[in-house]
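One structure below.
Letters A, B, C, D and E mark the chains as written, and numbering starts fresh at 1 in each.
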Amino acid sequence: MFLAYDHGFEHGPTDFNEKTIDPEYVLDLLEEAGVYTAVILQEGVAQAYYEPAKQSIPLLVKLNGKTAFHKGEEPYSPLLCSVEEAIRLGASAVGYTIYVGSEHETKMMQEFSQIEDDAHDKGLVVTAWMYPRGKQVEGQETTPDVVAYAARLGLELGADFIKIPYTGDPESFSWVVKCAGKTKVLVSGGVKRDTSEFLKDVEDFMKVGTCGIAVGRNVWQSEDPVGVSKKLAEIIYR
Amino acid sequence: MFLAYDHGFEHGPTDFNEKTIDPEYVLDLLEEAGVYTAVILQEGVAQAYYEPAKQSIPLLVKLNGKTAFHKGEEPYSPLLCSVEEAIRLGASAVGYTIYVGSEHETKMMQEFSQIEDDAHDKGLVVTAWMYPRGKQVEGQETTPDVVAYAARLGLELGADFIKIPYTGDPESFSWVVKCAGKTKVLVSGGVKRDTSEFLKDVEDFMKVGTCGIAVGRNVWQSEDPVGVSKKLAEIIYR
Amino acid sequence: MFLAYDHGFEHGPTDFNEKTIDPEYVLDLLEEAGVYTAVILQEGVAQAYYEPAKQSIPLLVKLNGKTAFHKGEEPYSPLLCSVEEAIRLGASAVGYTIYVGSEHETKMMQEFSQIEDDAHDKGLVVTAWMYPRGKQVEGQETTPDVVAYAARLGLELGADFIKIPYTGDPESFSWVVKCAGKTKVLVSGGVKRDTSEFLKDVEDFMKVGTCGIAVGRNVWQSEDPVGVSKKLAEIIYR
Amino acid sequence: MFLAYDHGFEHGPTDFNEKTIDPEYVLDLLEEAGVYTAVILQEGVAQAYYEPAKQSIPLLVKLNGKTAFHKGEEPYSPLLCSVEEAIRLGASAVGYTIYVGSEHETKMMQEFSQIEDDAHDKGLVVTAWMYPRGKQVEGQETTPDVVAYAARLGLELGADFIKIPYTGDPESFSWVVKCAGKTKVLVSGGVKRDTSEFLKDVEDFMKVGTCGIAVGRNVWQSEDPVGVSKKLAEIIYR
Amino acid sequence: MFLAYDHGFEHGPTDFNEKTIDPEYVLDLLEEAGVYTAVILQEGVAQAYYEPAKQSIPLLVKLNGKTAFHKGEEPYSPLLCSVEEAIRLGASAVGYTIYVGSEHETKMMQEFSQIEDDAHDKGLVVTAWMYPRGKQVEGQETTPDVVAYAARLGLELGADFIKIPYTGDPESFSWVVKCAGKTKVLVSGGVKRDTSEFLKDVEDFMKVGTCGIAVGRNVWQSEDPVGVSKKLAEIIYR
């Protein structure tokens, strides 16, 4: 169970309100919930707010990031932080997004391969965001075939964990999990939905071998973030 | 309160007159005003004119720069000076411009990330010019949403200070300052305006948590640069 | 006789069924057949499944790879694993694909040349996948002239082995083998065909100096993978 | 007073005749004139002909160069020689051309910045050829505004000397020289003209603070190169 | 007198027959002729066939190479072998092709400059193939003006030898040789022609200061390669 809080980079502050805009609020919420195994931050937020000595939740530094300003361009998410720097910030895990199907896919696979070797060499856990994107996979971003291929690439590229979108039904997702083999599968929480529907989906995909979830907006945009977190934990750690 | 004097690079000498074309004149003016916390220079001007032993105003070397010759091209400002070189020149701070929204945004974010790590490692203060530019944000360069996103990116990327345009009203700017979190916000002075209007704006944005201003033309293009500087100081250090 | 199992990267999981999707199943099959001289894996699968101490079949790590998402783009297969990393995984051989005729051919030839020097320096065997691809050779991917040129390039570039498509008849393939000189020629197994037709082709091309075969789908997609492997071995080691 | 002899690279041998094609002839002429403070050569010519022990004229190695074959392309002049190599050849100064306004301007400014730091670090004098070129400044290559901007960039980039075109009248050139500040200004000799007209121009621009001239064709294409050189020296060292 | 045998890379095996396809046949022929001062091979062929201890003919490793698959693209020949690797193979000379006039000319000039410094530093002889190519010089590949410019560039870039096409008449070629100065000129043998015509040309261009020839097809495609070699030697070493 990972809590994602890199939306300020990926989407801008529109996802936030006067409370959630403040990283301290979110870090406090995390501690209070007490059920997360990692918090996902960009380098700058980690540097300014994450204090290894005080925080009980391990840190995953997201090493690349893309802004929302590039409509119509093939997606590329540049590497912005080294593994060394992530370690200096107290990270025990790193993350990197590959836009599977993008024209710039090769560049991201190469950058990922390098940070993967580097991070494993230094004992860190490596999570790959395997997101189908770009004109070659337009409209197929959550199609079972495409998501299964993305999951398999996560294994072939050496990720410990992958974060991928849910295909929408447990039958097809069961094949996705098999394609990933020994690489553990985290489902991406996605946009804020009705909590009970959201929890229903989590129940479903947890039955077919999924390892867990990387959740953001469905927690800190809810009216009761600590409550939702605890309900999630019940399902996932069942 | 930073005094910017890199216009010879960014705009050419058209901003200057027979007096202000001379860096010595501007450095003397700075000393006389006695209210600035940094002077912003490109490497070449710092090398030829800034003498650490004689100057009382700390030096911020602007590490990248773009000329005004590129109408219609997506903006990119290349890295032209290393952190090591800036230190050799006596700098205690460095600056770098990211054109947020530009096609070349990823390249600038990567270069910034590297100099940010390097500068922090060596104990320097890092200021990011977060300027919305390029066809994706055309006409929205000072729109609250876009400026707030730019400010948040400054935090996520690890800047100590950001220099951004003013949105025009303190209400929207208050949100911008919140988005920047622990990263301190400097407002960009912009083109020369009527002094009283200019000071009115400064009064306004200083009320909502803004840290200060990086000013150039509104000071050294005024008839009384020292006087304007002192009035600014009164508002900012109030 | 090499067994290829990097299809999850190159084609996605569509080549697999519930059994062959599992690398352990394929590695067990290999041991049972006992006739292969190498297994071809991408870094991630080798890292998660190949245990040098337990496996009797030597490992060839495929250092680059291309996904199937790029219809209409000139093919490029990026370098994803270093020779050092391959050695750490227990490899005694490395492989790299050059898309001969592609617009990006020069980039692949340069990457190949570097890994070739590096691998030879460290005592590894180097295999080049010499595959004609791209609009300049469209429709000529198995034409004798084009395949002969690809084979010669393998020699001129310093490969120990090349993996190339079969031209379809032993006469023309005899010239291909001569063009490769001291570089040994492995035929690429290709898509799943009728087993007896497939074995007939192998009989044919083995008569003209070909060194062996790199086979995948024609083995593990068959109903009797171990049986087919043994029949192949009989022809090849005759 | 610098003598330029890199026209074989920039324009091809069309500028030369049976005598001036030979670098030895030009080096002898230099010694005979005895008025030059540097000779400008590309690496290859310096390597084959310039003998530090025998020559009394200091060597400036031109580190980049562009051929005349690229009509209609935006100009870029690649770095071809390192500062280390220039020192090995006996150089006490290096030169680099920036095509101000070109689409590739950023690349040249970056290369220049690196060689500038490197050369200053090793005690060499750095001269920047600041030439407005490319479609953004077409027809304005000698316009006062554009030349003044180019001159200012030379200062901002840290050049000791700049070589720029003459604007045609001393009034406007006086502003150009002021824009360059402590960076010394050399006027580019340009195409062969009537000697008396040429000397008249030199008289004019030397009155407004210009440091000197970098001359080539107006000397060695004249009927009396030594005589012209001496007349030039009289004006410049007056 | 250099024997070129890199046609398998540049043109594919179409230049060869059942005998000349075998590098051993060509190396034996070289020894038998006993008149050559160097054999030109790509890294892979040198690695597999050239044994420094047994061969009496010095080795020139061609460091870059281009395949014939790229009709309509601006020519670029990528660097494929380092100077260090060439030395390991027993080379006493290295070669590199610059397509003068190509859009990618700057890239090749930069790569050449680096290997030139590196090779000279390690005591190797450097030969530049200076071949006019690309749309800017289309139809002028052997025009005296263009070949003279290419020759001059060889000198300006620091080559010991250049290999260039013959202009067709000794008068114009005499100027080409002068443009090259101390850089020695080798004429490129070109496509197979009538032996007596070919030898007539050699007689002609040897009279005007040319250093020698780099020949391939006109020797090993002839019916009496040893005989032709000896006749060539008579003319060249006269």
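Heads up, the rule we're going with is that contacts are C-beta pairs under 8 Å (C-beta built on N, C-alpha and C of every residue); 3 or more make two chains touch, one makes a residue touch a chain.
All values derive from a computational prediction rather than experimental measurement.
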item: Starting at chain B, fewest touch steps before arriving at chain C; value: 2
item: Chain E reached from chain C - shortest hop count over touching chains; value: 1
item: Centroid distance [mean C-alpha coordinates] between chain C and chain A, Å; value: 35
item: Euclidean distance of C-alpha centroids - chain C vs chain D, Å; value: 56
item: Residues of chain A whose C-beta touches two or more other chains; value: none
item: Cyclic chain order when read starting with chain B and heading to chain D; value: B, D, E, C, A
item: Touching residues on chain D, where the partner in the complex is chain B; value: 100-101, 103, 105-107, 109-110, 113, 117, 136-137, 145, 148-149, 152-159, 175, 178-179, 181-183
item: Sites on chain A touched by chain B in the complex; value: 6, 8-9, 12-14, 16, 18, 21-23, 42-45, 47-49, 65-71, 73, 76-82, 85
